[in-house]
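Presented below are the structures under discussion, each in the form of C-alpha cells.
Note that subunit A is present in both complexes that follow, paired respectively with subunit B and with subunit C.
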Partner chain A sequence: MTKIEPIRVNVARQFTKLPGARYIKLGPFSGQEFREKFLIEPLRQGNTVIVELDGVRGYGSSFLDEAFGGAVRELDLDIEDALRRLRVETTVKSWQLDVEEYIRTAKNNPSSTRT
Partner chain B sequence: MKKTSIKQRRFQAWKSAYAIRLLQKANPKKQKDRRRNNKNSKTELVLEAPSHFILISQTKKQNGSDVNRYFEFLAALRAVKTSEIVIDMTRVRRMVVDASLLFKAELSRLTQTHGVKIKAIPPTSLRTQQVLKQTGIDQLLNLSIEVSPDREDVVHWRIAEGPRNKVDSTALEPILADIEEVTGLATHPVYQGIIESMGNCVEHAYKDHPDVKRSMPTDPGWWVFQQVKDERLFVVVCDLGIGINRALPLTLANEQGLLRKLMHVVRRAKGEDNRALLAAMEYGRSSTGLHERGRGMRNAHAVVNDHGEGDFYAISNRGFYVYRKARKEAVGQNQTVKLRHSINGTILGWSLPLTRTPQESLS
Partner chain C sequence: MTDAPQKSAVSASSASTSASAANFTPQFDTSKTSHSPKDATKTTSDKTSGASACIVLKDAGICTAAESSSFFNTMLPSVVSGVLVVVGWYVVNKAQANRERRKQIREYVTDLATDLDDIETLAIDYHTKERDVAKEHELISKLGRFEKACSILPRFLDRQTCFKAVLPEKLNIDGERLQQLRKAMTLRHFADEHTAAIVANDDLIQELGLAAGEMQEVLKSVLIEALD
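And then the complex of A and B:
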C-alpha cells in the first residue's frame, strides 16, 4: 500500500508575505481567500495539509481563524480529524497555539464563516 | 553674588511658571482667524498652526495649553467653509507622531470632502520641514520643500494609507521593511496590530450613525504612521470614523444582552467613550468562541505581550486607554483618562523598545 504524502503549502512563497484581513470582501490576501485556494479541496479529498507559516511579515488572528477555523466550519470536519489532517509548521509558538485554538473552537459559533 | 539653594531655585522657577500661567489665563491665545486679500482681491482664511502638534501631554515640561492650542487649531480646520485656506506653519517646531497623523487625516478629509484648496506658509524649523516632506504632508499643503530628510529622527517616519472599504496589506510593506531594517526582524508582532486595526476600520469605523452629520473621508480613509525615535518604535493607525462608542452598539445590535453586560462591567469608568473603549477591550479579551468579531483589541494587546514590553494606547473621540507592560511583569497595567477634546475618530498606537527581540518571547 502506498502512503499518500501530505500536501505542503508555504504561505510566503505561494500566497503572500503580507497576509490580509478575514474576508475576501475586505481586501486581497484574506484568510478566506487562502482557505479557498489552498485548504478546502485537499481536505475535502481526504488529504493531509501542512501549512508552513514562517517567512511572512505577521498574521492577524482574523486571518488565521478564517483560514483554519473556517475550513473546519465549511467542511464540517470532526475536530480530532481536523487537528490530524490540518497542521502548521512554524518557529513562532504563538501562531501554532492560535491555530490549534481556532481549530478546536471552530464550531462554538455556528454563524461564523461568511462566504 | 549670593548662592541660592536648589530649593530656592526650584521655588523661583515655580513662581515664574505660575506667573506665566496667570498671564495666559487672563489673556488666552485664541486660534487666530486672520483673513488676507490676495492679488485677485479674494478673501483667504489664514489659520495659524501652533508650535506643538500634540494630543496628550506626556512630560512635565508640557502643560495642557500646548494640547489646547493644537485642538483649537484642529477645530478651526474642521470648521473651514471657504474654498481656499492658508495654513501658517511658521511656528511649528514639534510634531508628535499621532498628532501629525491626525493633522494629515484632517487635511485629507478637507480636500476630499469639501474640495478645499490648501496653501501654506512653510515652517522655519528645518526639522519640521523634513517631517512634512517625509510624511507627504507637504503635498497636501501644496508646499514646495527643497530640503531632503536626513535626520535620524525623521528618516524612519513611514506612512501608509488606503481606502476606507479595503484592507490593503501591500501598502504596509514600506513600513515593515523599515522595521526590519532597524530591528533586524522580518516578522514583527506589530503587524498583527496594524492589520487587525485596519480590518476593524474597514468593517466598523465608517458605519452610518444618526448622530454623526460630518462628512467622512473615503480614499484614503485610514492612515498608518511609523516612527523610530530614542530607541523606540512608534506605530499609529488612525481613522476619522464614528468612534468606538457609536460603533460598538451597531456591531452588537443583535446581541443587546451581551452589550448590556459589557457596559455593566465597565460602568465605573469616566466618560462614555472610555466605557465603550473598555467594553471593546473586555469583548476582545473574552471573545473565545465568538469568532466573528472582537479579536481586534486582543491583537492590539498581544503586540505588547508578544514583544515582552511596551505600550499600547487607544484614543477614540474623548476616550483614552493605555496599556503598559514592563518586561518583568506577567501582565501589564491599564488606565483610562477622559479627554477634554474629541479627536473625531479613533487612533490606536504602539510604542515598543527596539532593543528586545520578539522571538525570545514567542518561541
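And then the complex of A and C:
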C-alpha cells in the first residue's frame, strides 16, 4: 500500500512574507486567498496539509481564523479530522495555538467566513 | 679502617704528577662502585625522585614502606592543590559566564517590555481612531516580531549543558498569553471590521490592556528569574 505524503505549504516562500487581512476584497494576500489557493483543494481530496508558518512578518488573528477556521467551515470538516489533516509547523508557539483554536472553534463561529 | 679509602682517594687525585698513578689500584673503584641492595635503593630513589620507581622497588622488596610514603608527603598535596585550582577556576569561570548571560537576558527582556508598551500604545491608537491601513500593517509587523522574540528567549540557554544561568522552564513565555494578546489586538474591530473609532473605555480596549498587562507580568517574572 502506498503512503500518501502530506502536502507541505510554506507561506513565506509560496504565498507571501506579508500576510494581509481576512478577505480578498480587503487587499492582497488575505486569509481567504490563502485558503482558496492552498488548503481547500488538497483537503477536499482527502490529503493532509502541513503549513509552515515561519518566515513571515507576522499574522493577524483574522488571517489565521479565515484561512484555517474558514477551511473547516467551508468543507464542513469534522473537527478531529481537520486537526489531523490540517497541521502547522512554526517556532512561534502562539501561532500554533491560535490555529488549533480556530480549527476547534470554527463551527462555533459560522458567520465569520464570508466571500 | 675508614681512612684507607680516603687515603686512596687523595693519592688518586694527585695521580697526574706522581708515578703512583700508574699503579692505580682498583681499591678506590671498588669502594665507590660496590653496591649493597640498600645503596642501590638509595641511589635510584635519589636520581628519579619518582614515586613509581620507589613503588616498584618496594614491590621488589628493596624499598621500605617509609620511603614509599614520601610520595604521599610530597607529591600528593601538590596534585590535590593543583586539582583544586583547576576546579576552582572552572567554577569561577562558569559563574562569571552565567552572570554575564543573565545580564544579557535582563537586557533582552527589558527591550521586550518596551516593545510591548509600544505595541499596546499603537493598538489603542489604531482602535480608537479612524481606520488606518498603515497602522494595521505596523501592528501586525510589530506583534509578529514580538512573538518571535519571545519564542527565541529559551535559546539563551543553548549550548549550556550544565550550570545553566536560569532554569530553562522560566524562560518559556506562555504561548497562550501571546495568543490572547494578539487576539485582543487583531481579531475583532480589525481591518474591514474597523468601521469607526471606538471609545477608550470600550470592552475591546479593556481586554487589550488586560492582555498587555498580563504579558508584562510574564516578562517581569522572567526578569526576576534572571537577577543575580
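We adopt the following convention: the second predicted complex is superposed on the first by the 115 of 115 C-alpha atoms of A that agree within 3 Å, B and C clash if a C-alpha of one lies under 4 Å from a C-alpha of the other, contacts with A are read in each partner's own complex, and residues count from 1 in each chain.
To be clear about the criterion, a residue touches a chain if its C-beta (ideal position, glycine included) is under 8 Å from a C-beta of that chain, and two chains touch if they have at least 3 such contacts.
Because the structure is predicted, anything quoted here is derived from the model rather than measured.
Overlap between subunit B and subunit C is detected when the two structures are superposed via subunit A. Of the two partner chains placed around the shared chain by superposition, neither subunit B nor subunit C is touched by A:74. With both structures placed on the common chain, the touch criterion links A:65 to subunit B and to subunit C.
Once the two complexes are laid over each other on the shared chain, residue contacts for A:108 go to subunit B alone; subunit C is not touched. Once the two complexes are laid over each other on the shared chain, residue contacts for A:97 go to subunit C alone; subunit B is not touched.
By the touch criterion defined above, A:33 lies against neither subunit B nor subunit C after alignment on the C-alpha atoms of chain A.
Partner contacting the larger number of subunit A residues, of subunit B and subunit C: B.
In the overlay built on the shared chain, the residue A:57 is in contact with subunit B and with subunit C. Contacts of A:22 after superposition: both subunit B and subunit C are touched. Comparing the two interfaces of subunit A, the one with subunit B and the one with subunit C have residues 18-19, 21-22, 26-27, 56-62, 65, 91-94, 101 in common. Across the complex, subunit B meets subunit A through its residues 166-170, 172-173, 176, 186-192, 195-196, 198-199, 202-203, 288-292, 295-296, 298-299, 302, 306, 359, 362-363. Contacts from subunit C toward subunit A in the complex involve residues 133, 136-137, 140-145, 147-148, 150-151, 173, 175-179, 181-183, 186-187, 190-193.
By the touch criterion given at the top, residues 18-19, 21-23, 25-27, 56-62, 65, 91-98, 101 of subunit A touch subunit C in their complex.
Within the complex formed with subunit B, the subunit A residues making contact are 16-22, 26-30, 54-63, 65, 69, 91-94, 101-102, 105-106, 108-109, 111-112.
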